[in-house]
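The following blocks contain the structures, represented as structure tokens.
In what comes next, chain A is part of two complexes: it sits with chain B in the first one and with chain C in the second one.
Moving on, here comes the complex of A and B:
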């Protein structure tokens, strides 16, 4: 099977040039395809329906599952007793959520991939950390929402950590200043979701007229821009505010999904999202699912070597993106770099049904 | 109440509309109005880009109404039931006009709730209807027509339901369940149009011999892609009758011709691409032995089924998604023809042959049998219900 230990020992996150990465991913992802084919009846059914044969293929020929399949079906490639956690997407109430079955191996893979990727953006492996969220999202340890899962994934970098918000999403001002005093002069890692950082941290600092000394620190944020774009906040304004009120100059957005948790795509200093050696992005033309060229917008397919306990190693997302280049980003990282263009436009109401925004029912 | 009134009687309240004189079905005055409306539409250049409205104009011209009257009305003395409250669907823009025609031709006053979506067809047609109502001889009919929009609100549904003598609920199961929460007066009647699917059956040998495969593709397109495959009459299942070789040959030619015809005409949305791929996977997981056919692109997505079941069309989608099945005879239709099947369109059969099959087998579904390309034509008999007689009452002598 796949020797993950060897992979994480030998392969660095951003060092593989195109040809080697293609060989590595083709070999690993075809093994995973075979593994899921043998162990997940649903996956086998779909590959059989598609008449997929493994001969002479590269990883971009491996079928992708539509991301919504994890909302409608329970997909797993291990026995139920080996599932150590169930990760779910953070859908709004009433929406179906993805349910991802994670076993021990997959869980370890996720941690290692995450550690490798993020260590490329912070100076040392263990730094003091401020999570701009409340620790109450971590309460139920067996049901990992995407939000809780991402926080847990990142907190492994913290040697001392503070959750900066209380359960009512209010800034814990006193504790924050005590924490900053204690770690004066050291690099601090801040993590949170874009929208929450903006509304419960940036806006709060502005309102209270607080300025923090976080020069030399790094802020990593994810979860998407949609809500902020709706409130007409630009990326530049977000970064400028963090600089003005906290002195933070290193702000990295990331792209990721619970269906491939921890295989995140981090934004470099040049504003490009980067695929690591352990995962990749393929932009597909919507007309025929062929691979789009650099600069051409399309639907994002995401592949990752981590998922062993569920067939999520090749997924067609409902996000749109555009490839910007490969192996030649001025930041020096190898691999593809790209940009997210938002969601695939929401589907029209289908069928005879009229839409109902229930006034009485809800 | 927040109601957007597209057409509204000038000096009448909605309550007043419920007290108007009922008319006899297919009254001369009503036929004359539709005849003028038809003429106004056909001479208005703005409608050229809307073949669905042109089809409506043909539907309401006098000769066609007289023909329908002869076919559908009995010799009883009849009057409209009173006020009809129509809830038009959001998938077929001109449906509201057909519903109005059914209501008015059967002698009723009509309050029609149209979808809140801004369809140009609805705006244009309302304008032309108002224009036609300005003519002296049609002016009295203005009291009989209201076209309104409102965001779904149980209070407003309650209000109109409490007034009406007939309620026509288009728009499928969810809408029906929702509107039915609003009580009707004791003597009033609900006519409901539930979620339905349709099937196209093709005799492979006949198709292979046909010299007009382009025309067949064009007709099939009109029934499917022409309405984004979103209408209940749009086939989602293509049933091939014939031996394996004949069927293989027919399939290859049929989909190729459809692809060639649809490619320049149909705009495939990105969201539809995602939806169709997800649907192919869903259908695969919910049914035994599905094959997702290889196609040159995402315009047509096809899943071949080795067997049919009553609910195989549940969970399917529109925008060019088809399930296919082949069999040397029609027996497979028995499995799929639950109450949910509305229209059976065909090539290579006669309607007598197919209706003979439906009646001999006593099927619960299939209440329309049409040749390919005519599935999209409206009729005053819909979902098996004769609207002219159901929307009127008999005065028994």
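Moving on, here comes the complex of A and C:
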């Protein structure tokens, strides 16, 4: 089948030029399509209905499943006893959630993809880490929400870690200062969701008049901008605040989804989101789902080599985006780079940051 | 305490298993050895043996047996 060990040994995250990446993804994703066809009854019905044949196809020809299908069907391509983890999407109250069945192989794939991608953005292998969230989101260990799963994925990078917020989302000021004292002079990795960082960290630092010395550190955040856009906070203001109050100059947003957890798209120093070798973005025209060109807005299709235990290797998201270019970003990374434009009309609100409801405000 | 005993203790502490169950244990065999438990176990081993593992080795650390090979890379023989 697919030799994942060989893939992770040989293929670096941001080195494949277009033609090689197309060959690699076509080979791997067609194998995955066949695997899911053989092992997932619901997926087989869909492909049969579409009369999909594999001959002379490239990865962009592989049918894409709308993400909502994972809410309506509990799809898996492995026996139930091999499912080791059920991941669920974040959603606001009352929304149905996606259920993603993860087996051992898929789980290891997720960790490896994540490790390769994020290592490209931090200077050394493992660093002290501050999670700007509460550790109570990890409490239910059998059923991870997307939020808990993302935090957990990133904690691999932390040598010593601190959850900076208590269960009431209050800043643990004393512990934070002790942690900073202990790791004075080291590069620190900070991770959190965009809205939580803004409301429970940036705003708290401002309110309490605290300035932190985190020069040389890296902050990675994700989960969506909608809630901040609603409060009229711009990307620039977000970055400026982190620089002014913490001295952090390296701030990287990322785009990702629970259906392809860990195949994340990280923002480079030039503000572009990058697809790694292990996954890709295809922008589709909303009129007929044909592939849109560079600079043309459309709906985002995402493909990833990780999902072996559920048919999520090619999905249609409910996000809009625009391709900015391929292989020629000034940061030097190969592959496509793009920008997110928001949600398609009538889509549900989702995203770890955007579905967060601030109970304390009421 | 021998390295082996400390290694065994780390598994017992992280996953709440009996000493007799440790030798054949693999990732996800018991509920406690999930991804949260995994990082707790790694953290205990790093403290006990005063090492810092690479991410690839943390991911490859899939069983009690495999872990011995990983630790050997850091000069810890168990």
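One rule holds for everything that comes next: the second predicted complex is superposed on the first by the 346 of 362 C-alpha atoms of A that agree within 3 Å, B and C clash if a C-alpha of one lies under 4 Å from a C-alpha of the other, contacts with A are read in each partner's own complex, and residues count from 1 in each chain.
FYI, a contact is a pair of C-beta atoms (placed from the backbone, for glycine too) under 8 Å apart; a residue touches a chain by one contact, two chains touch by 3 or more.
Just so we're clear, the structure is a prediction, and the values are computed from it rather than from any experiment.
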item: Contacts of A:65 with chain B and chain C, given as first, second, both or neither; value: first
item: Chain B versus chain C as contact partner of A:45, first or second or both or neither; value: first
item: First (chain B), second (chain C), both or neither touched by A:1; value: neither
item: First (chain B), second (chain C), both or neither touched by A:111; value: second
item: Touching partner for A:84 - first (chain B), second (chain C), both, neither; value: second
item: Partner chain in contact with A:138 - chain B first, chain C second, else both or neither; value: second
item: Touched partner set for A:344, first chain B, second chain C, both or neither; value: first
item: Residues on chain A engaged by chain B in the complex (per definition of touch); value: 42, 45-46, 49-51, 65-66, 68-69, 72-73, 286-289, 299, 316, 318, 320, 344-361
item: Complex contacts: residues of chain A adjacent to chain C; value: 84-85, 104, 107-108, 111-112, 115, 119, 125-126, 138, 141-142, 152, 155-157, 159
item: In the complex with chain A, residue positions of chain B that touch it; value: 87, 89-91, 115-116, 151-154, 170-175, 178, 181, 193, 195-196, 228, 230-232, 268-275, 277-278, 280-282, 284-285, 290-292, 294, 296-299, 303, 317-319
item: Of chain C, residues touching chain A in the complex; value: 27-28, 31, 34-37, 39, 46, 52-56, 58-59, 62
